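Okay, so subunit A shows up in both of these, paired with subunit B first and subunit C after.
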Partner chain A sequence: MQVFLQTFIGGMSLGAIYALVALGFSLVFRTMGLVNFSHGNVVMIGAYLASTFYLSTKLPFALAMALAIGGTGLIGVIIERVLRPLENKDFDLMLIGTIGFGIVLEAVAIIIWGATGNAVPNPVPTGPLEVLGLRIRTYDLVVLAIAAAAAVLLVFFLQSTKRGAAMQAVAMDHEAATAVGIHVGRSNAIAFMLGAGLAALAGGLVGPLLYVNPTMGGALGIKGFAAAILGGFGSIPGAIVGGFAIGVLDAFTAGHFQGYSELVTFLVFTVIIMIRPTGIFGERTVNRA
Partner chain B sequence: MFSSLRRHAAVMLLGLALPVALAACSAPGGDQGDTNKTDGPIKIALVDAQSGQLSSLGAWELKGARLAIDEWNAAGGINGRQIELGVFDDQGDPTVGTNLARKIASEGYIAMIGTAESAVTIAMAPILRESKIPNITSGQSPGLVAVKSPFLFLNGPTSVTYDETLAKYIVDGKGLKNIAMITNNGGYGKGEHDAFTKSLQARGVKPIEDQVVTADQKDFSAALTTIRQKNPQVIFIGAEEVQSGLIVKQARDLGITVPFAGAAPQGTPVFADTAGTANVEGTIVSSPYLSNEVSEASKKFAAAYKAKFNEDAEMHGAKAYDGTQILLNALKTSNVATGQALADAIRATKYAGLLGDFAFDDTGVGIFATRIGTIQAGKLVAAG
Partner chain C sequence: MKLRVAGIGVLAVLAWLLPYQLDSYLIHVANVVILFAILAIGLGLVMGIAGQINLAQVALFGVASYATAILTTRAGFGFWTAAALAMLIVAAIGLLIGTPALRMQSHYLGIVTLGLALALTNWVTNAHIAGGAEGITGIPAPTLPGIDLRNDYFFYYLELVVFALALAFGLFVVRTPLGRKMRAMRDDSLAAGAVGVEVPQLRMTAFFLASLYGGVAGVLYAGLIRYVAPETFSIANMFLLLAMVIIGGRQSLVGCVVGAVALSLLREVLVDYPTYAQVAYGTIVVLTVVFAPTGLAGLPVRARGLLQRLGWLRRDTGAPPKLGDFRPYDAVERPAEQVILRIDDVSMHFRGLKALQEVTMEISTGEIRGIVGPNGSGKTTLFNVVSGLYRPTSGRVWLGEQDMTAARPHTLARAGIARTFQNLRLFPLLTVRENLLVALDQTSVLGSWRYALWQPGVWRQDRALRRQADELLDRFGLTAFADAAPGELPYGTQRRVEIARAMARSPRLLLLDEPAAGLNGEEVRQLSEIVRSIRAAGVTVVLIEHNMGLVMSLCERVTVFASGRVIADGTPAEVARAPQVVEAYLGDSAMSSDVPVATATEAA
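And now, the complex of A and B:
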């Protein structure tokens, strides 16, 4: 029982990270119908920016995170701006464009920070809490709280603000949205910016849990992408549930199947997707391209 | 809608396959260049991960090899010829490695330094053997010896030696019998797992827990909680630097206080930084190169390394330095031979290096001893 619960707790904190990554994937997808394959690399850039501000300029962790989110959001805007001429013309090229951006970001990170990477010390120095023989890291609680807050803010933005409503409208029918005076390009830019900001949040938070290096985006991107698919691609609650599901699933397969855990995780994922091709929250709101 | 979705899927697949295809294209076939030139620079290839999670190893290796070659070049080279070091990035990936093996063969390199990753070296070995290019690797997996290539040499001991020394210290010396193991299923971790289990078996000790993780696993809660419940006296760890660091960090968070024991990666600064300095206190390390202060030669090496690269030398740099020195000595004694003659010359080279006295046997291993150190106050010091 203790192993079961401890495994669950371990899966939850990485699950929160996957959920944030999945949110970024889903947000861009529901707005533009585009899978942003550079998203994992944007996570990595966010992790580097946050850790650089935190470690070399000795800023408080929260401020370093805020700066990283801002900086990375800007990168999101730039990616969208470069890809914009392709919007509504050739979607496949746009998709390949995002892959290209991913490769560029990784190369730029190696040029700026070197290939070696660095460890980020825990910004919450208090020891783990002991509850009924279980050990809960205080930093994990911080990660969960911030992820929850980010998700709530995002939902609020999409449902209760004018700009958010405009983005929803673009997602449903971009031609009709244009007709009523919504700027589709700007809406897309906001989606990319928010997606990149979420990626930076995930990257910044995961830094102290893992090790920041230029290739860290690969594994996080794939798990986050799987989480988004599992929850229902484009669905906001789906991304959150999918993230936690992948994190916890991963933790349990690691315990039971050891060296074959990765294989089992993705087998289970495949079976679920075969049974429910549209994911857990199976809405298909997006029909573009 | 469905046809467009299918088109999308096809493009996504194409996108995922693209980097692989590009990497494959960069291999210009296996034809061998003219390796018997007698003028111009002597071309030596260094193949190591210069990007990716194993790039710290590659960076250290490159520095060690570069230092040795620059010293020889400053002293006039070999037979009046300068030595040219070509650097190739294998990304820690065996597929990239095999492509690079063909590339260095076709570009006329006569010998290769690296790689630091056993799996990559094993993948490259058949091509290098075919092309008759001697290779001095920094890998330590027993799998390297199993390849039985007369062109493959190790610049350090194999896992068998590391883990036998470690088991001797822990079981025979300290009398610890409750030992748990956590290893990864990659090339290095698998070798460590098998070698240490064998050494324990020889002493009639069975590990009380044997957890295997994948090479890119990040969360070890399940494995570590299981280990904690068995109350081991010491935990053997067989994984690369970063992953070992993450395992130790998470173990301490889960309330595991017993020391960890392992081989070379546990003696590196990357391991200590990832885990946190306080968490690695007491770690038992089996290594042929404990610190820069062990001998006059190592002090001299460390000073030169510091002067050149402005950072402290460590074991991987020292290993690569030794390996490169052996290669250059063999080139000198053989009058810049190539192919089989160069391999024979390397095998015949007796060299007093930073790691100890090298004398190669038929398996390509030249050194059969490591020492035990423990991490105290953040520094690796000799034990006992």
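And now, the complex of A and C:
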């Protein structure tokens, strides 16, 4: 039981990261029906930016993070602008276009920061807490708190601001949204920017947990994506639940199958998604003839 | 045609003479390029032709090389025995990776295949039998009598022959019934199902074909390099392969090959700057999808269009082709009246929305039945239930004596139900003739074994189908448009193509969803003539229509829908007088006067 709970808690902090990545995926998907395959690479760029600002310029961690969010937000806007001609036309092509961006981002990261990674020291250097015999790292709590705050802010933005409402409208029917005077392109750009910002947040937070290197985007992106699908693609609560589910699944497979953990994680994911393609909170889409 | 044969001949001679110009390093490069070209054909088939996103193509390649390596070094098989077994293994894994395609498409399929590819890489980097991160060395060279395949120059010729066969087979598939069905499924899987294409089996066939190409390339790779390691099959190489296919033009196999060669050469030129090469091809991918989605293969057509716009190339300014007359079917004796379609207490709910509520109706052979009702009254939902696109929430659908409630669209199409769609669903990237050919083809996907064993049979079948298609085109007056893309045709002509496509299956029951929408008066008159002739040929017709003039003149019986229920049923004259019908269409004055009263009570 002790081991079970310890593993569970260990999975929670990475789960929160996956949830943030999944939120970014879902936000872009629900607004423009596009899966951003470069999202994982944006996470990686965010991790690098945050760690660079934090380590080399000795900025406070929070400020370094804010700068990183701004930087990736810009990347998000650029990606959206370049691919805008394809919006609402050919999603498979757009998907491949984002893969192209991912390839470029990874190469650019290697050019700037080199192929080897660097470790980021823990910004909250206090010892782990002991609760009921379980060890909880303080940094894990920080990660969970920031992720929760980001999720709450996102939901607030979508439900209680005019911009957010406009984005919801575009998500439901982009033609009708245009008809009532919403600038769909701009709305999509904001979605992309927010998604990229969330990616940087995830990247910055994951830096001290993992090793920051140019290929980290692959695994993080795919697991974040898996989390989004598992929860129900496009659903905000789904992304959060899916993130934690993948994080915990990851922790358990790592404990039980060591090196084979990825194999097991993806097999389990595939089986679940075969049984329920719409995910936990997903809506069934109906073919209209 | 002669030009094309000459071109192929010149290319073949050049490819044959190429090794004489290359040093030992470059011949090795050429050998690797050919392997990528074979892989690219496989990816082009599954992604460009069949429309299934497969991000595990390089993983399949890896499965075959690893299987060959393990079977030769660990189990002691000879190279060719191991290769044959490796092909079986890779085919099985290919089908496994393709299984999710039965349940999901597009980006979902992308992520699942990518995840499975990662799972495979994860396995080989950890498994003891696969040599872990170091991989497996010492794979024996393949042997052929009289040829030393340890020599890269001789290996080049082996690869060249295999490549030529692989490309020829790929092109053969694309141009014959199997590939045509795949392209139809890619363009519109719903419509493909409705004309009898067995979509699930076809998706699996696409993955099977892709795995064969991956397998051939993998086996050759094991024989060429004689060493396998996990990084060769990484996601980075998968994306490189994807870039090749996109840049070359995914819908053309030759384009895929060109893309593979071009990107490989680019990579070779920038071999000392691999990161910059990566920036370059990533950028080209982005530019390609935005500015030239058809890739290099589509450039000739686009260049032609550009030259025509600039006025440098003359457009062919012949008279625009004209829609011919419809040649009526031979009338048959009207069959004894019996129920052909029975809808028994069918309800269809979408969450809270009750699109159909306890609908019961019967349609007899030889009838022309009209279904009318206000928008949103459930008419098209009924068609979707009958043609198998929706599974009803409750109730049964009987075709003759057969219960067809849970049947798949293609099963229903094969049982004799054909339909058209309200918003036209022709296959946009197929020509008009090909649209009909897809529907004419009655063979099952399982019959595709002939592609492996008896290609002349396939060829003959294709010729027969083309004759039938020409006959059908002629009957519907569409001969002049045979080679046009459906999107270029006037709207009314597209509607007629869709009816011709539905009739291609020689159905027993034809469902027409608003066939007169968007037609002018003359076209409506032709339509009514066509529908009458179809009925006279022994086909039962059900049509949804808002054009009351057409319904009144054409149909013997009319069923009226409102809010998902049948509210009236009878001859056109009876139905038109029924008070509930008048109410559904025009509203009821007594009821509308109720409304303010209700508000008043509420306010009080």
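Keep this in mind: the second predicted complex is superposed on the first by the 279 of 289 C-alpha atoms of A that agree within 3 Å, B and C clash if a C-alpha of one lies under 4 Å from a C-alpha of the other, contacts with A are read in each partner's own complex, and residues count from 1 in each chain.
The definition used in the following text is that contacts are C-beta pairs under 8 Å (C-beta built on N, C-alpha and C of every residue); 3 or more make two chains touch, one makes a residue touch a chain.
Just so it is clear, the model here is predicted, and its values are computed rather than measured.
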item	value
Fit or clash - subunit C, subunit B, common subunit A	clash
First, second, both or neither for A:V152, with subunit B first and subunit C second	neither
Touched partner set for A:M172, first subunit B, second subunit C, both or neither	neither
Which of subunit B and subunit C A:V35 touches, first, second, both or neither	both
Touching partner for A:P277 - first (subunit B), second (subunit C), both, neither	second
Partner chain(s) touched by A:F225 [first = subunit B, second = subunit C, both, neither]	second
Which superposed partner A:P85 touches (first subunit B, second subunit C, both, neither)	second
Which superposed partner A:V108 touches (first subunit B, second subunit C, both, neither)	second
Contacts of A:I96 with subunit B and subunit C, given as first, second, both or neither	both
First (subunit B), second (subunit C), both or neither touched by A:E262	both
Colliding region between subunit C and subunit B, picked from 62-70, 116-124 or 242-250 after the shared-chain fit	116-124
On subunit A, the residue positions that both subunit B and subunit C contact, one per complex	35, 37, 91-92, 95-96, 99, 103, 110, 219, 259, 261-262, 287, 289
Subunit C to subunit A touching residues, read off their complex	51, 53, 99-100, 103-104, 106-108, 110-112, 114-116, 118-120, 122-123, 125-126, 190, 235, 239, 242-243, 246, 275-276, 278-279, 281-286, 288-290, 293, 350, 380, 383-384, 389-390, 421-422, 425, 513
In the complex with subunit B, residue positions of subunit A that touch it	2-3, 6-7, 9-11, 13-14, 35, 37, 91-92, 95-96, 99, 103, 110, 114-119, 121-122, 128, 130, 135, 137, 209-211, 213-215, 219, 247, 250-252, 254-256, 258-259, 261-262, 287, 289
Residue numbers on subunit B that touch subunit A, as the complex places them	1, 4, 7-8, 11-12, 14-15, 18-19, 49-53, 55-56, 58-59, 184-185, 211-214, 216-223, 225-226, 229, 242, 245-246, 250, 253-255, 270, 273-274, 276
List of subunit A residues in touch with subunit C within their complex	35, 37, 82-83, 85-86, 90-97, 99-104, 106-108, 110-111, 218-219, 222, 225-226, 229, 233, 259-263, 266-267, 269-270, 273-274, 277, 286-287, 289
